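Here the structure is laid out as structure tokens; the discussion comes afterwards.
Letters A, B and C name the chains as they come in the text, with residue numbers starting at 1 for each one.
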Amino acid sequence: MTSLTFTKKLLFTSIASVLGLVLAVSGATAAKKYDPGASDTEIKIGHTNPYSGPASAYGSIGKAETAYFKMVNEQGGINGRKINFISLDDSYSPPKTVEQVRKLVEQEEVLFMFQPLGTPSNTAIHKYMNEKKVPQLFVATGATKWGDPKNFPWTMGWQPNYQTESKAYAAYILKNHPNAKIGILYQNDDYGKDYLFGFKEGLGDKASKMIVKEVSYEVSDPTVDSQIVTLKASGANLFFNVTTPKFAAQAIRKSVDIGWNPVHFLNSVSANINNVLVPAGLDKSKGIITSAYIKDPNDPQWVKNKDYQDWLAWMKKYNPDANLADGNYVYGYSVAYTMHQVLKACGDELTRENVMKQAASLKNLEVPMLLPGIKVTTGQNDYYPIESIQLARFDGKQFQLFGEIIGK
Amino acid sequence: MEAFFYQVLSGLATGGIYASLALALVMIYNATHLVNFAQGEMAMFSTYIAWTLINAGMPYWAAFFLTVAISFAGGVVIERVVIRPFERQDAVLAVVTVFIGLLLILNSVAGWIYEYTLKVFPSPFPETSYFGGMLNGHQLGLFGVTFVTLILVYLFFRFTPLGLAMRAAAQNPESSRLVGIRVSWMLALGWGLAGAIGAVAGMMIAPIVYLDPSMMTGVLNYGFAAALLGGISNPWGAVLGGFIVGVLENLMGDYVVGTELKLTVALVIIVGVLVLKPSGLFGKTLVTRV
Amino acid sequence: MATMTQTSTRTPAAQTYYGLSSGAWKNIGLAVLIVAACLLPFVVSNYRTFQFTLVLVNAIALLSINLLTGFNGQISLGHGAFYAIGAYTAAILITQFGVPYWVTLPIAGVICLVVGFLFGLPALRLEGLYLALATFALGVAMPQILKYKGIEDWTGGVQGISITKPTAPWGLKLNSDQWLYFVALFVTIIMFVIGWNLLRGRIGRAIVAIRDQPIAAEAMGINTAIYKSLTFGISAMYAGIAGALGGIAIQFVAPDSFAITLSLSFLFGSVIGGIFSLSGAIYGALFLQFIPHISEGISKAAPGAVFGVFLILFMFIMPAGVAGFLRLAGVRMRRRIANRMAQG
């Protein structure tokens, strides 16, 4: 196998160098190459997001990205081309995603899909995109399966995957709380289970001994109070909290209210001060350990930071009515910035292959609003753009980053 | 044993949530003989109105009663504008469809105006906690408010001429017209009252589950189950049904099947009970006249 | 399609319009419709063909509601559950047992028939709202059941199952979208014919009698219990076949695809199309497929609200659904033509 991949690589590099030579000889003018969705004047990008239905809260990611590309256009576009960003609603329903993505690819003829949201939705179009050879770039989910260039060369994630994160907690726990009795609360879906899987992997053979109770909840549950009571009764003294914002806030508040004070690990999905910790109560959130790769816009430590100032100015200009507490606006801004850089690098060769190639050639790209020291790197065999996180402890006012940056 | 006791208490606390919405469902059923799918979203929207008023600096109780009044008016307006055209026709399914339309509109508009980030809704009750934190001041307050509402609803339908007229209008519109009841306005009034009770439920539930546009989506499923378990026409039954569902769900999750299937099993039990007692635990058996 | 209405009171054969009886006109209309449906995939793009495949799938699903609720008077808020069972049956058989996709359709139908019948037996004791709750509970619980660990080896748990799209057999020069459309069209026509024959005969009269006069029906010797659970089973079978086809068309099944909103959309789709007729299922399916796109085009900010407004408006204008509205319009037109002919 290795020799085969090596030959492939060799072949690839030789083709690339020949191509490079040809390009260099033929000069800049002849280099324009387009696939559907690209022209001298515009680049069409497709996007799906839930603007209706139960997951509408994520709609603000789409709004942020739309606003970002509007800014790009006002500043003259990318290499003189305007971005035509077509964002459609899929209500977080996989069949609907399939339909909308086919509309974007076959009818609107977009150059590529950017940031479709949700693990089930992306799974539903995974095969289709790869059969059609249309890039499915920087998908908005932290599932681990998106970095598989061998089998799915047209699909790439963006954020650190859930398993990386839960493995980081596991490593920390093994080192600092080797005798902990762990209770876990997780959302009963792909996201919750991915965290759970990574966490158990990280704990290794100690998992079965250390984990004393696992309980789940459904998104349609009104509260998770009962689950917290169960966890307390299990005698756990370390709490791994794998929940989305509303349930995270409920869990934090309830555990303190019933006098259960475990070492509390909160997944980064809900590491948001204004949307989670304020509703839960700042004093009740003190001591919570989480991880981060992106800046929380509500964290006072970033107020004077240039990234934050730029982001704030952008928010005021392009999203004047939006809620500054909504972390999705940071996420959308950063991921759209990454896309922006990839398209710049594509130059005049706006083919699907080149978009994918450039997306897989990011080297230590600094993306605004990522934590200091966390950079975006990809490669032909590395389809995980962000692979590092840093642990943080909430001190009642802000997240205190501590320890080394974990991961690459 | 202590854990069991705590699960029951925590179940009662969530049961109180279901009970308060179930009451609103009973109210509208008694007044119109329909189950309103949009009831939860109406309550959610009312709560946002209260939140806006409180944020504008209004004292809690003033905002509370103003919201109840606005919601009453809102219920009447909804009935007059969107439900009334179907009054004379026997178009139950068309009305159900309109309910779903209302649900979608209210949910979507709330998200549009207020966005989807969590909002903290204040509680008027003290923050003290009881039974080792299993119940707090607000949850006890919720019980109290639900109970008071229950008594009022019961007395209203049982003893006031207006309440009796409303029940008559719902049960037998033709005869009611003959005895001089203005059936159409009775229905509008029923909607108003359901809106008002829903507003109370929403303002009591929001401090517990946090205010967001999907706050009532899950609660409605349980409220629906609670109301039918207790007997949809009986306010006492609905409240009791709420508590039973809350406790049952917790015990199932903790002791019997685990959290992954607790909802399923709780629902199976409820349906099982209904099969044995087809009009709910406390509902009157309807006798069909030939 | 307008011939397939439950109350198609046969106009006297003597009544002719422009030399043909009204029945003949209807048959001509039906033939034109079927020919048009067959030509469609050669005229429109693959994406549109795919959309119309989904319309056909939805039409079968709505037909199940029309049979159950429209003709038999039992309200179901949980048919998404049977749709899900059908979809998973197809997906599991195809991916794990290598069964050809077209064989999975009848199997999904039979499984849902049995499950529906068994569910219908106890549920029969429930009337109106209480039955609605029982079915609602089924619809709410279904995603949770599909995620359950114990059956994860088959269902793929939260990850769901991906299916490969079928291609055209016998060297036909059709791409897989076109082929799947014809499969769906064929199945849809069969399901409509079955439904039509079912309702026309003895069973159909019993089913309707139970809706209109339950007590009289019983007195006349109709075994209401059996007929009701049978109707429930048949209706579940329709939903199951629709689900199997839908799963194959989408190429993916997952618990998130079958939330309670799916069940609700079947109900209001039926009502909008016209729940008391078979043809209504087509109109309802068109509504479910295309109105969300129109809503999204009108407002990006609140597509749900626009869709809700459409629902209410449709009900305002056509409280008996599109089919009911068209029937009324047809009666008026026929009368006008008859008058004109009488004068002329």
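We take it that contacts are C-beta pairs under 8 Å (C-beta built on N, C-alpha and C of every residue); 3 or more make two chains touch, one makes a residue touch a chain.
Because the structure is a prediction, the values reported are computed rather than measured.
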Pair with more cross-chain C-beta pairs in contact, given A-C and B-C: B-C
Farthest chain relative to subunit B (centres taken as mean CA coordinates): A
Averaged-CA centre spacing for the pair subunit C and subunit A, given as whole angstrom: 39
Inter-centroid spacing, subunit C versus subunit B (mean Cα positions, whole Å): 32
Interface hub residues of subunit A, defined as touching at least two other chains: 52, 54, 56, 188, 218, 220
Residue list for subunit C, restricted to those that touch at least two other chains: 140, 144, 147, 301-304, 307
Contacts with two or more other chains, residues of subunit B listed in rising order: 104, 108, 111, 221, 260, 263
Subunit A-touching residues of subunit B, taken from the complex the two chains share: 2-3, 6-7, 10-11, 13-14, 17, 104, 108, 111, 115-120, 129, 132-134, 136, 205, 208-210, 212-214, 217-219, 221-222, 249-250, 253-254, 258-260, 263
Touching residues (chain side subunit A, partner subunit C) in the complex: 51-54, 56, 87-89, 91-96, 98-99, 102-103, 106-107, 118, 120, 123-124, 126-128, 188-190, 193, 218, 220
Subunit C - residues contacting subunit A, complex: 45-47, 50-51, 54, 140, 144, 147, 157-160, 162, 164, 246, 250-252, 254-257, 259, 261, 292, 296, 300-304, 307
Complex contact set, residues of subunit C against subunit B: 69, 75, 122-123, 125-127, 129-130, 132-134, 136-138, 140-141, 144-145, 147-149, 214-216, 260, 264, 267-268, 271-272, 275, 301-305, 307-312, 315-316, 319-320
Subunit A residues touching subunit B - in the complex, by the definition given at the top: 52, 54, 56-57, 59-60, 188, 215-223, 225-227, 229-230, 233, 245-246, 249-250, 257-259, 274-276, 278-279, 322-323, 325-326
